[in-house]
Amino acid sequence: MAFDPQFLLNGVIVGSTIALAAIGLTLIFGILDFINFAHGEYLTLGAYAALVANVALGLPFVVAAVVAIPITVALALALDRVVFYPLRREGAGALSLLITSFGLSIILRNAVEMVWSSDPRRFDVGGAEAMAIAGVRITAVQIAIVVVSLVLMIAIHLLLTRTTLGVTMRATASNRSLALSSGVNTERIVTWTWVIGAGLTAIAGVLIGLNTVVRPSMGFGLLLVMFAAVILGGIGDPYGAMLGGLSIGIAQEVSVAFISASYKPAVAFTIMVVLLLWKPEGLRGADT
Amino acid sequence: MVNGDKQVDRRTFLQTTAVAGGAFSVAGCMGGGGSDTAVLGMLQPFTGEVAWVGESSEVAMNIAVDQINEAGGMNGTDIEIVTEDTETNQQTAISALRKLTDSDGASAILGPTSFTLPAVMDIAQESQVPIISPTAGTSVLDDRGGNYIFRTSASDSLGGKAMARIARDNGYEEIAVMYVDNQGGRSFGQTVIEGFEALGGTITTEVALTPGKSSYRSELTEAFQDEPEFVSLTAGTQTGQIILDQWDEQGLGGVWGLSNDMQTDSFAADVGAPLEDSYAIGPLPGGEKYDEFAAEYESRAGESPQPFTPEAYDAAMLAALAAEAAESNSGSDLAGEIPAVSKDGETVTSFQAGADALDNGTEIDYDGASGPVDITSQGNIRSSFAVFQSTGSEWEQVGEIAADSLDF
Amino acid sequence: MLEQLSFMTSVATVAGIYAVLALGLNIHWGETGLLNFGHVAFFAVGAYTTAILTIPSPTATQAYSFGFGLPVVVGIVGGCIAAGLVAVLLGIPTLQLDEEYLAIVSIGLAEILRHVMMNENWLTGGVAGLYGIDRPLRGVIPPEAYDFFYLGLVVLAVGLCYAYSRRLKQSPFGRVLRSIRDDEEASIALGKHTFRYRMQAFVVGGVMAGLAGALWAHYATALTPTAFGANITFLTWVGLIVGGSGNSKGAILGAGLIIAFREATRYLPDLYGLGDIIPTLRLILVGALVIVTIRYRPDGLLPERDISYAEYCKRVEYGGE
Amino acid sequence: MSDPLLSLSAVTAGYGDLYVLEDVSLRVDEGNFVAIVGPNGAGKSTLLRTIVGGTTLHDGTIRYGNDDISRTPRHEIVDAGVGYVPQDDAVFPDLTVRENLRMGGYTGDGDVDARIGEIYDLFPRLEERPDQAAKTLSGGESRMLAIGRALMPGPDLLLIDEPSTGLAPQIVDRMFERIDKIHTEGTTVLLVEQDVSAVVDSSERVYTLQNGEIGFEGSVEEFQASDDAESLGW
């Protein structure tokens, strides 16, 4: 049986959205030093914010998608102020923050379900029909998803290397104490990290919702995959997260051609464990 | 599920939330059914992807219980419904069942779904409280039911065979089979495969799906790689709709054979034109009794009955009639009467009629909203199926598969 | 009243099983600082192993291929051993890395295991699961007293794990573990092979979780993959955090409280008739409980008494400014 | 006597409930080169961290110029003109040499590129590898980068924690040459050292710190004549 390139294409589409969300997760991990279990819910909230703007308020989809970003960012900042900041101020350890984020994740997920019910919902965009290009089927929407993801990844790269904010974020991620000693107001960097991380995650949520459906569990369902992407790329490394997200998306979809599709979710973790045994510092890690 | 009374309760709740926190621990000692009412428990998922099952079957059960209470109640006592959420999780289901049997003193329990029923069977048996599931199709129950475990829904092994027959009878030689990889989906899907092969057909691909995912494009690519003309799909409405939308988007062709979960008006309307000519199996429309139930359901819930709701209504009726027959509301007494009141006797279609007949010492055969509901000694029902085909906007019945034609 | 007592007995039994889980996790996190977020994996391995060892051989209609019909005691011991072996396998790639790796990889392992449970019918019965698991001394104990007997067994297990944890804490081994937790570099300087010690602690905690799984299997008498989701790991963590990590009494108290809370909130609909929003509301309350505890009682209800210098440095470091 | 640039009076500090420094007082005058010497674990690093706000201050006050900086956030202390070179983790490993320097100039208002040029003049080895990641530098280069990073905002006072640790003797000598140069160009220097011999040539004033308390205090000449010098292996 010849391998169908369709699997690869599906993987690129899924992988590019995972990559976007994983960048947010890894940035927040780098700066705040804890694994944010509520990250998936930010993705869900982004999708629902766009959904309300698009379906309930009747805004055009693109406008709704843009509107979703500041809403999600504002929510993430408010939650940081109310939930995480007091713990940071008192010097709570990474685990306290992590467990708190798990509690927050449950609250947010169920609040979304309470408000919008568990029914899957769809954006109000034109019917998508796949076109056949070079033996694979792809819709205009999917092309847009991949393009938007790639553009955002390039934008993140430029931000991290060309701007003072970006360099400061990387510096704070690699050594928070030294950043303070260099005159960095780390709380300001934390704020910017939430802005960028939650913003990217909101876009990822909208794109995933566009590619499929919007539902309360969408973010949580992707959380473990995002973790795998982050680990694969090396914790705290945004480029690694991009690479990790893409690899995992492709591996998952391609795996369907070879093994039972019900093992699909396990593929990401198998790759992760194997990689840790082989190259513990992540895909991009130094060889030394 | 808009209910006027509930709104008031909710407001009361909001005003007293502060007190509620402190009351949890006390509540543990205060709860529980008083002896002046009889309790029917409902054990269903109310959260997560299958929350609709709990919500819709609660409406159906309320209809039944209101009718029973209007007719004087079960052995003269009013029935109170206590609902518990399984969260589609074995541990929670066991705790919830324990609460219903031990703390609430339920006479019988309606539910749960295939996800959790196998896991609580033994506990129910031990507690000597009958379980009547309107929602569990799992073939595990085929030879494990009876005694304390019954169901008013058809076994997946019958449904799967019916699906195989539809494909074969319509001349398809090679089909693909897709099913969600959970308790319900797998047993149905496997029976389609076994049944279709027994009828001389060939299965091109078998694809097990993880439910609750957002994209099934690769699974579809896999299923359609040999270009099957007929694909059997077993899934809930949510997963089903995503799969069908993406199938349409990808332009893969062929017709579907859909399991009974997806045989609802809203599903046919939502998927629309692409579904034209595809098949679905479903229960035989129950005639007058079903129409009566459907009208009541619609007036309460504002939508046409969801799958399994007539079965839920019938399950509550059977429990109450069995209690009448046993002249006791105790679970261990009424369990044995459940098969007895469902067949071989004077046909009754309401609680009132059944209770009156039993008072006169007549054996009864309850026929309900979902059909004749004849419970076998293994706790199953033998069931005929209706074959539906989509017109592109709704399901139209195009045939019938009799229970007798499924013995292969 | 008797009905209430019976229900309370089953709640206490579940709470006891969670207490064993929490004691195991306390050895991982509280004593050694291992961020294990896949605790349910050990629980599942313990449960399935004892089930496979003790159920009768399969009949023609059953999905699974192995059932050895061995005595329950053999099953429980086997469950513990299997959980310990899984700990070794998981420990090899992760215990030498930063703690976050263990956290995420352990979640991953738990997920993989759940998919194995769902897919490998020959071993686990697949999504249909395993049924008819025997209960210890079923024929000997009168049925009406059986629940109390089983609760007694669970309490005994809690007691054993508690006593072991206490002894561990006071032993030289326990002191090494705490020094690893508080400052690994210092203990390396002292010449301790931290990998070996971490591995030992990881196995001990894993075995306790396996025991909890075995107790669950013989309590539930049926196993399906739905009983082994990530929420079990989460509830155990919540219990440990609320009770106070690093303190065995805290682990037991926390596990008991969290189960009591979960069960007590079942009575909410009875009081208020909230109907369809109650289940989600209950989960929201559990989430809020976690956040509030960590905010206002960060060391739990029963905090560990002394905190070392190195631990302080760690906290100061996290404090930033 | 004029007002000191930096003064600590009766400072008691540590980590959380743990006390490391007890009743420490010292002063650094403008233009001075001050060394604090003491054995390992005496609290030298904690003392520098306390000045930049990196510990829990239980008692006492820290004044810089005319301001009380006891409760000032760390990043504002840098803003006020205090450069700090920690002993460990003194550079950002994943950032390039140039980016590390740029981070140091984070608060500076001046021309960052011009300032980087000045640092390159001081440490030519850094100029040879501007795009190399800091984690790939040698120990000596890394230390130069750390000092360069701290000098970027043009601090009036430079705090250096054990510049000699882990470096070969000839590199230590060259390192102190540079520090001397920084000092003579107008920056006040406060450094802590375990290796007493390394600092006596450069410093003007010496404090000894033992068990978190100040022992000796005075000029280099007085120090060399004292018992403390002997006990520290001079």
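Should a chain be cited, it is by its letter among A, B, C and D, assigned in written order, with residues numbered from 1 in that chain.
We take it that a contact is a pair of C-beta atoms (placed from the backbone, for glycine too) under 8 Å apart; a residue touches a chain by one contact, two chains touch by 3 or more.
The chain list, named the UniProt way, goes like this: A, C = Branched-chain amino acid ABC transporter permease; B = ABC transporter substrate-binding protein; D = ABC transporter ATP-binding protein.
Everything numeric in this text was worked out from a predicted model, so none of it was measured.
Counting C-beta pairs in contact, the pair that comes out ahead of the other among A-B and B-C is B-C.
Relative to the C-alpha centre of chain C, the farthest chain centre belongs to D.
Work out the mean CA point of chain B and of chain D, and you get 75 Å between them. Measuring from the averaged C-alpha position of chain A to that of chain B gives a distance of 37 Å.
Rounded to whole angstrom, the centroid-to-centroid distance between chain B and chain C, based on C-alpha atoms, equals 34 Å. Inter-chain centre distance (chain C to chain D, centres taken as mean C-alpha positions): 49 Å.
Residues of chain C in contact with two or more other chains: 118-119, 277, 280, 283, 315-316, 321. Counting only residues that touch two or more partner chains, chain B has 47, 51, 181, 208. The set of chain D residues that touch two or more partner chains comprises 16, 73-75.
If you check the complex, the residues on chain D that touch chain A are 16, 52, 54, 73-75, 78-79, 84, 86, 89-95, 99-100, 102-104, 106-107, 135, 149-150, 153.
Within the complex formed with chain B, the residues of chain C that make contact are 3-4, 6-7, 10-11, 14, 61, 118-119, 126-129, 131-132, 143, 216, 220-224, 226-227, 229, 231-232, 260-280, 283. The residues of chain B lying in touch with chain C in their complex are 1, 3, 5-6, 9-10, 12-13, 16, 20, 23-25, 27-32, 46-47, 51, 55, 82-85, 87-91, 94-96, 98-99, 102-103, 105, 115-116, 118-123, 126, 138, 140, 142-144, 181-183, 186-187, 208. Chain A makes touch with chain D in their complex at residues 91, 164, 167-168, 170-171, 174-175, 177-186, 286.
Of all residues in chain B, those touching chain A in their complex are 47-49, 51-52, 181, 207-210, 212-215, 217-219, 221-222, 225, 238, 241-242, 246, 249-251.
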